[in-house]
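Below: the structure, in structure tokens.
Letters are used for the chains, namely A, B, C, D and E, taken in the order the chains are written, and counting of residues starts over at 1 for each.
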Amino acid sequence: MTASDLLLTVSGLCVSYEGIEALHGVSFEVAKGEIVTLIGANGAGKSSILRAVSGLVPYAGAVVYTGKDLKNLPADRIVAAGIAHVPEGRGIFGNLTVGENLKLAAWQRRDKSAVARDLDRVFDLFPRLRERTKQLGGMLSGGEQQMLAVGRALMSDAELLLLDEPSMGLSPVLVREIFKIISEINREGKTVLLVEQNAHLALQIARRAYVLETGRIVLSGTGRELAGNPRIREAYLGG
Amino acid sequence: MNRTGTAYATWRDGWRRFTARKYFWPAVLACGLAFSIAADRYDFVDLYVQLIVIYVGINIILTVSLNLINGYMGEFSVGHAGFMAVGAYTASLITVHVLPQSVAAVGFPVAVLAGGLAAALIGFLVAIPSFKTRGDYLAIVTLAFGMIVKSILENIDAVGGPRGLLGMEKLTTLPWVFFWTALSVWVIRNLVYSNYGRGVLSVREDEIAADLMSVNTRQVKIIAFVVSSFFAGIAGGLFAHALQFINPRMFDIIKSTDVLIMVYLGGIASLAGSIIGAVIYTLLLEILRPLGIWRMVFMPLLLVVLMIYRPRGIMGLRETKLFEPLGDLVTERLWRKTKKEASDAAP
Amino acid sequence: MPLLEISGLTHYFAGLCAVSDFHLAVAPQELVGIIGPNGAGKTTVFNLITGVYRPSEGSIRLDGRELTGQSPHAITRLGIARTFQNIRLFKDLTVLDNVRIAHYGEAAYSPVEALLHIGRFRAEEKRITVSALDLLAVFKLDFVAHEKARSLPYGLQRKLEIARALATRPRLLLLDEPAAGMNPNEILQLMEFIGWIRRTFSVTILLIEHQMRLVMGICERLVVLDFGATIAAGLPAAVRSDPKVLEAYLGEEAAP
Amino acid sequence: SKDDASQIKIGLIAELTGDIPAVGASCKNAAEMAVAEVNAAGGIQLGDKKFKIKLIIEDNAGKADQSASAAQKLITQNKVVAIVGPNASRYALPAAEIAESGKVALITPWSTAPKATLDSRTNASKKYVFRACFIDPFQGGVVAKFTLDNLKFRKAAVLYDVASEYNKGIAEIFKTVFEQNGGKIVAFETYTTNDKDFSSQLTKIRQAAPEIIFLPNYYSEVPLQIQQAKRLGIAAPFIGADAWGSEELLKLCGSDCEGYYFSTHYAADAAGEATRKFIADYRSRYSATPDDVAALTYDSFGLLKQALATAGKNDRQAVRDALARIPRYDGVTGTMQFREGSGDPVKSAVILKIRDGKFTWFADAKP
Amino acid sequence: MAYFFQQLLNALQLGSIYALIALGYTMVYGILTMINFAHGDLFMVGAFFCFLLAVYLKLSFVPTLLLSMLGVACLGVIIERLAYKPLRTAPRVSAIITALGVGLFLENFTLALSPYPKHIPPLLTNVTWTVGAVSISSLQVLVIVLSLGLMLILDFVVWRTKAGMAMRAISWDKTIVPLMGVSVNKIISLTFAIGTGLGGAAGVLYSLAYPVIDPYMGIMVGWKAFICAVVGGIGNVRGAMIGGFILGAVEILVAAFFPSTYRDFVAFTLLLGLLILRPYGILGRPQPQKV
């Protein structure tokens, strides 16, 4: 991994909520074309990392994306810089239709034909969304909302996708489907930073992984290494 | 040994402090009552100060009772002055027309109580739309209610129409204001720290979940509206007999917004906040009088700045320990103690 | 006699048939799982049982008593409690109050006693508080009893939701995706936990879940929904190899 | 303190903010002018010394409770010797109660409701409350008789503000007197304070085809009412009461009010020397024409000045007694006579006609 | 019959005035779910701008209208930046109370500068046509046409443009919107500019129709706009319009067919009844609440 390959560098990241520190100096990096996964128990601070990177929470430390310091950049400029974030809990606009949700995600794009192409692609990936284009986002079932959230991230044409538990609440077929789609997107050249509870699958598709415990990175390695690590097996893979 | 010793000591101290509180409130109340009676009887307090204290008391009653709906239950009622009007007119009609003048002074508490009950009855009726409607829709219901009350009063010549009603004697004295203020704070505090009060809170937090957790949300709403409007009616009765004159315009939307401002200034869902809000607002209005017109320019600015720096009001969602029930405090203290021990024991 | 008996349950949302002709009988102490693709109508079934929605057709009986048309709190008082797919705690209240609120139905004092703190008030409050603290202790949540619910980590919030549901003293407990957002290890713990709840509180449980490990591990019987219709029902082993279920829900690769 | 000894403190309660700020502003202007005149002349001679007047102005924010607390403050904190204001009856009433029980004379310049000077329980006159204006029943009767006798109209319509005690009071008296003397009220329509649209009521009035329409409303509302009526094609003339009596009406109305009559306290053109001087001074000081509130406030201070001079000392009771004994006072709003034991002046009204964009004297109406 | 038509026309005029004010109100209210209680006072400022421009600069109708709208829009955006923006993450009522404070400030500040009512000179020559026994004035027609036109434009903006989409998204959840690459600040400023600009326009038209203005003219009108917006269905531009016409019609027709003394009583009782029958307003639907 050379410096020019580095897409995202996070160093010494600290995040506090109401005076209580949730992240205590986290450092890691993501290189172009990788899938990197963060695993950790509930409340370890995984989501907080993603929120800091996409500018939703204030933080101490540095986040550098393609050589550019993201600190003090408002969240919408960070999206423009090429980072899309599928937040925890999906963040669907319940009063917008499925189609509008997708179009809104392409807010900063000017190239109409490319947007139309991407829209088609999202509908191909998730045919259920095509059937429901006119339905309000708030009326979708949990799984449908998740598809919509991932679809939105694709519509922004970002280079780096931050996915926060994309498989949460999905049926087994869809879980596999989502992971397949993540690998596919990745093969097409997108870099993915993935937060997952389904550590089995996450470690399978990830090039590298970091393990987070109470706001600190305690372990890192390739996906395969960690999947084989007995401590990890016991703590996160259920034996 | 040493550590458990200290922990025990803190616990024991705490317990003593709480048991001592058993006497704190009765003592405060007794002193307050005694002082107000003395002040009333022997006039050693300036009449102007007395009048302002009376206003403060009435405003505390209004603020605390509106806080029950707007702060604890999380609704946005903008018709509180309407309930106040019902209480004021009922009580005044009783002292002026029903009671013979010789017993008006004795009958005063009964008249005020009747005003409260009349307002409570109306509050019951207003609660019914709240079963189906929430938020701003309910705000309009309360707004319309306030307008209807005003319009009805304007059209009944028997109560003076727009000319208003007079003939009341100045029966609102410091002791009575003290009594009713203390009563309203005490009763609403009791409600808040009861099963029904927690029901009120749960309606604010998540009505559907509350319903599914066995809370009878309709019952809760009725209780909240009835209690709140009861005290608004009481405040109305006191107000009428402090000014010796009422007219429908006194109870318009501007009066309601005044109470709203006091509630949110002091802080939602906080009795201490309501008291602080009412005291500060009433006193500031008087103190800033020399500013003339600029007083009314300055006050709203102050409010805006305060809301920006303390969006939930001065006490928002916080309460002084003095109002919390002893039982809860003791469990909480015990719990903190164990937690502290656990963390002390940890390496 | 079954504890819960649902027959011919049908529900439409503005033309969309979310549940159609659903039948289910649950015997006391059973643990039945409802699975199915996303949007199949599982949560809607829970909402119909608990009275959040009124069914378009069909009947729901608890111990032979008709539930349809009753308000949610009345149904809860008859003995049905639930958790939510998206956690719905009373976030600005303390953990203790969250559980005490669920005692609403059983507090035996009148509003007047509450307003004046007289009569049965003190004894009842003490009883409720003790009962709530006991329940929290059983759930090992007592150490956060005075924290605001919003400040709890996700896992504890899920746990608190279950505790709150049990505080209503249900006979039937409905769990909607309790394992969502948990890692495999935590899911294993949850499985044990659910079994333990069932024994300790002797409740009947109806469970919606997508984590096959949990479903197959603890459910005695499964119902599979797809597009609101029941496509399979029976023992987990049988259901898991049902071709329709494989196609609609588990995916071909999961075939044994 | 020393200040207290060398000054006569007079309190003024005015509606500076709240629903009728224009009334408060005129009141304050006139009061300041009256006090400045006295002080410029060296003050008031009490005994062997001249005392300057110190004016303490309190805003009641258009609220009854603040009127009461302002009055109480002036009495107990500022220790004023007398109070002028508030103006609207709904604010004057609670302040009057306080003044009566505090035993301080209060003159309300503009409150025309009979109750303001009466004890609310016994209906006897209050001892400490006076006013500078005539009362509603008198004025309502004047207009009704003028309409019947001078204008010879028999069918009248009324449009008034039901939420305002002044408008409603006059409207009702007008109706009673008009009907007693053989007239017929064909429409008796209302609106609520702050309404700007009267089309519905006016359409109804048009339907009733009155010969004249009585508008006992404020000068800020009357132009809207007349303009809207004309737009609806109503040709009947209008008639009004003293609340028309501000030159603002002429500005707001333009030519729409030409030829109409109203009753008021004084006629500037037919006035004597003092009145003309007052108007000129006020104009030069505030570059505005004084309205009725200003004139009445000025007269209230005139009354006080006279009372102080006759009392000869800076003492509340003495001032009150002197006020009660003033038999006759020639003010800028005409001659007032006080009957024994009553705070209400007996004064004549005048009927003005709007002619060539000016208020011109038309007739006197003796009480 | 002519009586009825005349009253209907009256109702239409008053209704369109209310609708016009409610439109701007709903814009801010529906999008940011913030009750801008200062709207009525911004409307008043619009009328005062109109007065200043027409009297001191002697401008004609169109420039007066446009400049007043611009002035009020700027004021609205400034107020948003200073007073409401710090409260974005605070509970909703904080912003409401702040708005109440801002409104009081605007009223009393204007009052402190000039307490007397002002007269607006006629900027347009008014013609009254008489059809049968029904009188129609050109002003009525202007007000009705202009407010309908503005409504159509607004409806288009909210439902058919990308900016409108972003506004609606903000009304749902403003924390997520930046993740779509949308600048929340810009959209909110835009919303405020449009909403308060419309308030300014309403102020100008209102002061043409009712040419006596004073610092408190916005209070009651503000509350009535709130009523219209809610009765029509919150956040619904067409609903606000309908709400305005309903309120206008109720006020006019009640006074027309009942003793006018009971107008407020009957009108508000009718509104109350309407809300009890349709608890979410005429066009409103309950927010999709998935349990």
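By our rule, a contact is a pair of C-beta atoms (placed from the backbone, for glycine too) under 8 Å apart; a residue touches a chain by one contact, two chains touch by 3 or more.
Note that the coordinates shown come from a computational prediction; the quantities given were computed from them, not determined experimentally.
**Q** Count how many hops through touching chains it takes, at the least, to reach chain E starting from chain A.
**A** 1
**Q** By the contact definition above, name the pair with the higher C-beta contact count: B-E or B-D.
**A** B-E
**Q** For chain C versus chain D, what separation do you get between their C-alpha means, in angstrom?
**A** It comes to 73 Å between the two C-alpha centres.
**Q** State, to the nearest whole Å, the distance from the C-alpha centre of chain A to the C-alpha centre of chain D.
**A** Each chain's C-alpha centroid was found; their separation is 74 Å.
**Q** Give, as an integer number of Å, the spacing between the C-alpha centres of chain B and chain A.
**A** Using C-alpha averages as centres, the distance is 49 Å.
**Q** Please compute the C-alpha centroid of chain B, do the same for chain C, then give the distance between them in whole Å.
**A** The computed centroid separation for chain B versus chain C comes out at 39 Å.
**Q** Hunt down the residues of chain A that sit against at least two other chains at once, touch-wise.
**A** Residue numbers touching two or more other chains: 139.
**Q** Check each residue of chain E and list the ones that touch at least two other chains.
**A** In chain E, 108, 111, 115, 219, 261, 264, 290-291 touch at least two other chains.
**Q** Among the residues of chain B, which are close enough to touch at least two other chains?
**A** 150-151, 154-155, 208, 293, 296
**Q** Write out the stretch or stretches of chain E touching chain B in their complex.
**A** The touching residues are 35, 83, 86-87, 90-91, 93-94, 96-98, 100-105, 108-109, 111-112, 115, 219, 223, 226-227, 230-231, 234, 261-262, 264-265, 268-269, 271-272, 275-276, 279-281, 284, 289, 291.
**Q** For chain A, which residues are in contact with chain C within the complex?
**A** For chain A paired with chain C, touching residues are 39, 41-43, 89, 128, 139-144, 146, 165, 168-176, 197-200, 234-239.
**Q** Considering the complex alone, what residue numbers of chain D touch chain B?
**A** Result: residues 16-17, 19, 57-59, 61, 63-66, 68-70, 72-73, 75-77, 89-90, 93-94, 97, 101-102, 113, 115, 120-121, 162-165, 168-169, 192-193 of chain D touch chain B.
**Q** Can you list the chain B residues touching chain E in their complex?
**A** 70, 76, 129, 132-133, 136-137, 139-141, 143-145, 147-148, 150-152, 154-155, 208, 253-254, 257, 260-261, 264-265, 268, 293-294, 296-297, 299-301, 303-304, 307-308, 311-312
**Q** Once bound in the complex, which stretches of chain C touch chain A?
**A** Chain C reaches chain A through residues 13, 35-40, 43, 85-86, 153-156, 177, 180-188, 210, 212-213, 248-251, 253-254.
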